[in-house]
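The first chain written gets the first letter, and so on, giving A, B, C, D and E; residue counts start at 1 in each chain.
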C-alpha cells in the first residue's frame, strides 16, 4: 500500500515537474506545477507531516500558483514560448548533462549513506503515534519554542515583501522618464 | 653589536625621522598652497627639500667613521600587533645613498621646471623623496616594504603626468612590473617574520633582530631569499627583468629620469645588500652563480642594446642596465672591495647617470627631440655644453680619475677573487661602454651642425651651475674617494663578518703573499 | 730633488687648468706659450730629478712619493703616488723634452686655428696624463695616466671634429684602446689576487721572490701585453694608429710616435720581473707578435702615398721592434730604441708636418717632390731622420735597432730574420718617401694650377722658426742619440748601467752566445741590409729603373682594416642589432605578451559574461556539480 | 496523550538589540512616512543614520562587556553572542551609516521622497545582522533571504532605468536559484546530523562515529552551503551576477551590496565553516583554496578589459572577495584568518562605499554616466574629488600607507601563518593584475583631458562621506594598531568552549 | 515478499527529491520565460521540502518539518517580490523573456 501511494505520488510529482519544464504555455506550466505540489503534499502525508501537507495545498497550490496565474493573465503573457529553438548554443546539452550529473551525484550520496538514519524509513514516527493533532502540536512547539527567533524573522521577511512590492509598484513620478530603454 | 648611535651633539634631534618627515610636510604644504601663487609653491618645495638635503649633509658630517653599526637610530613602537616598529638607522651602506637623495632632489627642483601643473609636480616629487629616504633608512622589513612600494605612486604620476608621448604606457608598465616583484617580497617578508618568530621569541619585523637571532633552514632561507630577490631584481633591474626601465626612463620627465637613475634603482641593489645578503647569507651564496651570471649578462646585454638605440635617452637607460649589473656582480662576489665598490658604484652611477639624464633633458628642451639621428654637430655650436657632456660621459665610461671608475674598478677587482671568470667577462663591459657612448657622442656632437642644430643654445648659467655641481662631485669622488670608502667599508666588513659567521664562507682577506693563481690562468 | 718628482706632472696640470680657465682670454699665441713654458718647466724639474738620481748609487736610485691614499679598501691599498727611478725618469725626460719641443712647434703649426687655445689645453692634459703613466707608483696610477692619454688622444685625433673622418678615427682609437685596457684591468685583478698589491715595487718583488706562480705570472704578463698591444698598436689592435693621423700633425708626433704609443713597451719593461717569472713561451708570444707586427706594418708602408700614413705604419713597425726586444729579454734595447725612435720619429712627423704646413695641408706624396729647394731646413732635418730610421751608422736608429737584432738573434733566429727583412723594408720605404717628397720633380704645381687664381698663396714655403727649431734640435738628437748605448765595450753601455736597478735580473744574458761573440758580423750585416734597401729604393724612385712595387693589397694594408670594419659593420652590427631586437621583441615581448595574454584571457572569460541570465545559471550549475563531485569523492573514497 | 511540554524560550532582548533598534526605526519610518509624511520628509537619512549610530554605539558597549563575559548563545541557541558578531554588526552599521547620506543625495536627484527605500535598507541591514549572528542554519537562511529580498527590490528600484530593472531580475532569478541550493545544503546537513543548529551540528560531528555512513550527505550538504554563500560573496564561478547587478543597480545600493552584503555573507561563511564544520576542515579547505584562487584571478583579469567604472569596481570586488577567501582558508588552520578576514571586510567596506560614492557623484542625475570616459579629466574639474578617489583606489590596490595595505597584509600574514604560501603568492599576483584597473581609472582622471569642462556637482552629504572614507583610509593606513588589536580580540562562539549539549 | 510489503524508505523519498530538484535546475536553464523560470525555483524548493520531511521522519525530529514551514514562508515572500519585479518589467515589455534582458554584459 505504502509503495502504491509512493509510486502514485511520485509519478504525480515527476510528471508535474516535467510539465513545468516542457510545457510551452506558461499557464500549462503553472497547472503542471500544481500537480507536483499535490504529489508532494501526498508524500508529506505519507511521512506524517500532516500540517505541512495542508499548508502545502492551501498556501502553495492555493495561493502561490494562483498568484502566478494571476500575473500571467495580468500581463497577458500567456502566449506559448517557442521551445523548438534555443538561442544559447549548447545550453540544452549543458543543462542535460548537468541535470544528469546532479541526479547521479545526489543519488549516489543518498545510496552510499547507508547508515541507519537514512534507512530507517519504516521507523517510528512519534508525530503520529499519540493523537491526530500530535503533528500540529509538535510543529507549534517547535516554531514557538526553539525556533521562535526564526519565526520572528519571518515577520521582517513579510514586511520586506510588502514594502518591496510597494517600491516596485509605485507609479514612477511623472515628467522625467529619462533612463528607461 | 648594535650600535646605539654615535655620540653626536644634537642627540635628541630625530635626524632620520626628520629626513623622512620633512619632505612629507613639504608635500602637504605644497598641496595646500594656492596654485595662484606659484612662487610660494616653489619656495615651499625648495625649502623643504633643501632642509632635507641640509639635514642629510649635516648627518654626513656627524657620522662616526669608525663605527660600523647603525647610527642616529630612531626606534618607536608602531604596530605592536604585528611587532612592527618605526625603526630607522643609517650605516656606511646607506649613508651616501641618503646623502645623494638629499642632494639630488633640491638640485632637480631648482634645475628642472615642469611644463605645467608645477604645484602637483612638486608635491609628488617631495612625496617621492620621502619614500626614497624611508626606504634607505628603514631597519624594519615592514617599514622598508612600505616605503619601497609607496615610491611607485609619485613616480607613476610623475612619469604619467609630465612625461612624453608614451608616458601612460611607460608609467603603467613601471608600476605593474615593480608591483609584481613586490608581490613576492611581501609574502617573503611576512614569511620571514613568521618563521623567525621561533628563534627571536616573538613576532617582529625588525631587520636587526631577525638577522642577528634567526636562522633559517637552508631550503626555507632559499625560498625566502628568492622571494626578496624577485622584487629587488625587478627594481635593480637585473636582466631579464629590465625592460620596464628603458620605457620608464625614456618617457619620464627629466627630473623623473634623474631621480629614477640616481636613487630609485638603488633601492634594488641596496635591498640585495641590506636584506638579501644580511638576512639570508646562506641562500645568497647559494644563489650566487645565478645572480653573477645574470649580472654579467646584464652588463653585456645592456651595453649591446644601448649601442643600437636610436633614442638618446633610451641609450642612457640601457647603460644603466649595464652599470647596475656591475653593482649586482659586486654584491654577490662578497668581498670587501667588491661590496664597497658596489655601494660606491650605487652613488657614483647616481651622480653620473643622473647628470647624463639632466644633459639629455637639456638637449630635449632645446631641440624637442631625443632621436640621435636628428642631432648633429652640437659641439661646434655649444662647446661648453659638449665639454660638460663629455666629462659626465667619461665618468660613465669609467675613466679613472672620475667617479665612475672608483666603484666599477673596486667591484671588478674585488669580484675577481671570488668570481674570476664572471669578472673577466664583465670587464669587457668597459669596452662596450666606450663604444656606445662615444658612438652616440660622435653622432650627436661631432660633425657639421645642420640647420636644425646650428641654433643650439649654449649652456645657460643656471644649467651650468647645476651641471657644475655634478661635475664637481664627479671629479672629487674620482680623485679622492677615500672619505667615502672609509665610511662605507666598516659596515661592509661587518656585513661580510656576519655572512662568514653564518655560513662558514671565508672572504678573501688581505691576500698579500697569497697566490691564488694556480688553476690555469695562463693563456689569453 | 727626487722627492719633488710630483712637480713633474704638476706643471702640465697647472698649465691645463690655466688654459682651461683663461685660455680664451690669453688667446693666440699666449696660451701656447704658457703651455709650452709649463711643459718646459716640467722638463727642467725632470732634469733635476735625473741629476739627483744620477748622483746616487745604483741601489738607491728610486724614490717613492706618496701624495695621498687613493683607493684604500680592505687589503687593497692604492696610493696616489709617484715612483722616480731610472726607467720612469728616462721616460719623463723624453716625454717632457720632446713634449716641450712639440709644444713650441705647435704654436707655429696651429697658427690661425680658431681652437688654438683648446689645442694646448688638450696637449697639456696629455703631457700630464703621460707623466702620470710613466711616473705612477703602481699599476692603477699608471692606468689613470693610461686612460688619460687615451682620452686626450681621442680629443686630439678628433680635434677637427666637424670632419666626419676625424671624429670616427678618434672614436676608433678610444674603443680599440679600450680592448687593450680590458687586458690591463684583468692583469691588475690577477696581480692583486696573486700579490695583494698593485704597486710595482710590491708586484716585482713578489715576482722576483717567486711568490707568484709561473702560471699567474704568465697570465699577468700576457694580459699586460694585451693592454700594451692596444696602446702600442700591435697586431691585431694596431688599426687605430694609421687612422689617428686625422689629428693635427704635432699630435701625431707627440702622441702617436714619441710618447703614448711607447707606453706599452714601458709597461712591459716596468713589470719585467713578472715576465721573467712567467713560462718562457709567454716571452716568445710577445717577441713573435712584435716581429710579425714589424714586418707586417713595414710591408704596408711600402705602398702608402700619404706622407703621414707612411710614418704611421713605420711607427707600428718600429714598435714591433721594441716588442721583439721585450720578448727577447732585451729591455735595455727596447728602451734604447724607444728613446731613439722618439727622437727620429718625432723629427720625421714634425718634418712631415712642416711639409704639410708648407703645402697648405696637402698630404699626398704624389703631389710633392723637389721640396728640398723651397724648404731647406725641413728637408735637411728630415733626411737626418731618414738616415736614423733606415739604420745608417752612426745615426741613432742604427745602434738601437742593431742592439735589438742582436738579442733577437740570440733568442730566436727566425725572428731575427724577420727583423732583418723589416730593416731592409724600412730603409726601402723611407728612402722612397724622402725621394718622393724632397727630390725628383716638383709635382705640386699641378695642384696649384687646379686652384687657379690662388697660385701664389699655394706656393710651398718654409715654416717659421718655432717649427724649424724643434726640427733642428731633434735632428741633432737623432744623430747623437746612439751614444746612449754603444756596443763597443761594456763601459759604453751607458743606458744599461743607468737602467740596471730596474731591469736587474730580468734582462736576458747573451754573454757567451754566438750572437754576442759575433756581434760585429751582425752589425756589418745590418749596414749591408740598410744600404741594400736604400739602393733598391733609389734605383726605383730616383733613377726610374724598374717599376715601383706598390700592390693595391699593400696600399690597403692587407685589407686587414677593411676586413675588421666589414666584420664590425656587417655581422657584428647584425649581432648587436639582433640582441637589441631580441631585447625589444623577446625579453620585452614577454612582458608585454603577459599583458596581452591577460587581456586575451579576459576576452575569453568575457564571452562567458554574456549578459544572459541562463548562462550565468549554467555556470553556477557547473560549479555546483564540480563541488558536489569533489565532496562526493571525498566522502566515498 | 499528555499535554506537550512546552517551555517558552527565554528571550534576552539585549542580545538582539540591534535588530530591535532597526525594527523600531523601520516601523517609525514606515508609519510616519505613510501617516504624517511631513514629519519625516527629507529626514529619513537622518533617522537611518541615527539608528546606525545607535547600533554601533550599542555594539561598542557590548564589545567591552564581552571582554569579561564568556561568549555564548541566546534565544534557544539561535543567536550567537560573541565579539565576532559584534564586530560584523558594527561593520554593517558603519555601512548603513555611510550609505545613508549618499542615498539621501541620490534619491533627491531622483525626486524620490518616500520612506520605502529607507525601509528596504533597514530590512537589508537587519537581514545582514541576522546572518552574522545566526547560530542556526534556518535562522541564517531567513536572514539571507531578508537581506537578499531587500537587495533584489533595491537593485530594481530605479524604475526609470532599464538597467536597474534588468539588474533586479537577474539578481532575483540567480539569487533564488542559489538560495535553493543553499537550502538543499541545509537539508542535507540536517539529514546527516539531525539538526540545523550550528552548535549541535558541531557537537554531533565531534562524536562522528555514529555518522560514519552519512559522510556523503554531509559533505554534499557542505558543498551546497558553500555554493549558496559563495554566490553571496561572489566567489568564482558563482560570481557572474556581480558585474551586471553592480552596474545596473543604483550606485548607493551597489555600495551597500558590496559592503554590508559581503560582510554578512562572509561572516556567515566564517562562522559556519569554523564552528559547525570545523571538524571537516580538511574536506572543505581545498575547495575554499580553489575558490579563492579562481576568484582573485578571474576578478582581476576580467576587470582589466572593462570600460565602465562601476563594472570595474564590481570585478574588483570579486577580486577582493578572493582575498577574503584567502583569509577564510587560513582560518581553517586556526591561523589568525578570522580576524584578518574581518579586518579586511571592515576596511573594504569603507573603501568600497567611498568609491561608489564618488561614482554616484560622477554618474550624474540619471545615474548612468559611469563609463571610464566620464571620469576623464576629473582631476582638472574636481581635483579634491579626484584625489580622494585616487586614495581610495590606491588603497584598493593595496598601496602602503593606506588601509588597503593593512587589510592585504593581514590576510597574507594569516595565509603565511597557515603555510598557504602558494595561495598567498598567487593572491598577491592577482592583486597586481587588479592594480591595472585602478591605474586605468587614475589615468582617466589625471592624465587625460576632459571632453567638456563640466564639473560634477558634489552634494554635501556625499562629499562628507567621501571625506570620511578617505580620512579613515589614510588614518588606518598609518595608525592601524587599534584596529588590529580589536581584530585580534575577535572570537567566535565555539561549542567546544561552551559546555553545552 | 510482496510488493505491498515493501515500505519505501527515506532513500526513496530522497532520491525522488533529488530528481525533482534536478528537473527544477534543468528547467531554469532551458526556459526563457521568467515566470516559468521562477516556477522551476519553486520546484527546487519543493524538492528540498520533501527532503526535509523525509529526514525529519528518519530522525524522528520535528525540526525538519518546522524548517519546511519557514521555507514556505520564504517562498511566499519570494514570490511576492519576484512577481513584483517581473511585473514591473513585463508591464512595459510584455514579450520580454530572460534572454532579452542582456544589456548588462561583458
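We take it that a contact is a pair of C-beta atoms (placed from the backbone, for glycine too) under 8 Å apart; a residue touches a chain by one contact, two chains touch by 3 or more.
Computed from a predicted structure; not experimentally measured.
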Neighbouring chains common to chain B and chain D, by label
C
Common contacts of chain D and chain E?
A, C
Moving only between chains that touch, what is the shortest number of steps from chain A to chain B?
2
Centroid-based (C-alpha) most distant chain relative to chain E:
C
Between what two chains do the most C-beta pairs come into contact?
A-E
What chain is the most remote from chain D, judged by the mean position of CA atoms in each chain?
C
Based only on mean CA positions, could you tell me how far chain B sits from chain C in angstrom?
37
Distance-wise, how many Å sit between the C-alpha centres of chain C and chain D, to the nearest whole number?
78
Distance from the CA centroid of chain A to that of chain D, rounded to the nearest Å?
29
Centre-to-centre distance between chain E and chain B (centres being mean Cα positions), rounded to whole Å
66
Multi-chain contacts in chain D, i.e. residues touching at least two other chains, fall at 138, 142, 145, 149, 152-153, 156, 159, 162-163, 169-170, 173, 177, 188, 191, 194, 215-217, 219-220, 243-244, 305, 436
Two-or-more-chain contact residues of chain A, please, as numbers and ranges.
88, 91, 94-95, 98, 102, 105-106, 108-110, 112, 117-118, 138, 141, 146-147, 150, 154, 157, 160-161, 164, 168, 180
Listed in rising order, chain C residues that touch 2 or more other chains are 606, 609, 611-615, 617-618, 621-622, 624, 628, 632, 635-636
When you check every pair of chains, which ones turn out to touch?
A-C, A-D, A-E, B-C, B-D, C-D, C-E, D-E
Looking at the complex, which residues from chain E come into contact with chain C?
25, 28-30, 32, 98-99, 101-106
Given the complex with chain E, which residues does chain D contribute to the contact?
138, 141-142, 145, 149, 152-153, 156, 159, 162-163, 165-170, 172-173, 176-177, 179-180, 183-184, 186-188, 190-191, 194-196, 243-245, 247-248, 305-306, 311
In the complex, chain C residues that touch chain E
606, 609-614, 617-618, 621
Under the touch definition given earlier, write down the residues of chain A that touch chain C in their complex.
88, 91, 94-95, 98, 101-102, 105-106, 108-109, 112
Counting only contacts in the complex, chain C reaches chain A at residues 612, 614-615, 618, 621-622, 624-625, 628-629, 632, 635-636
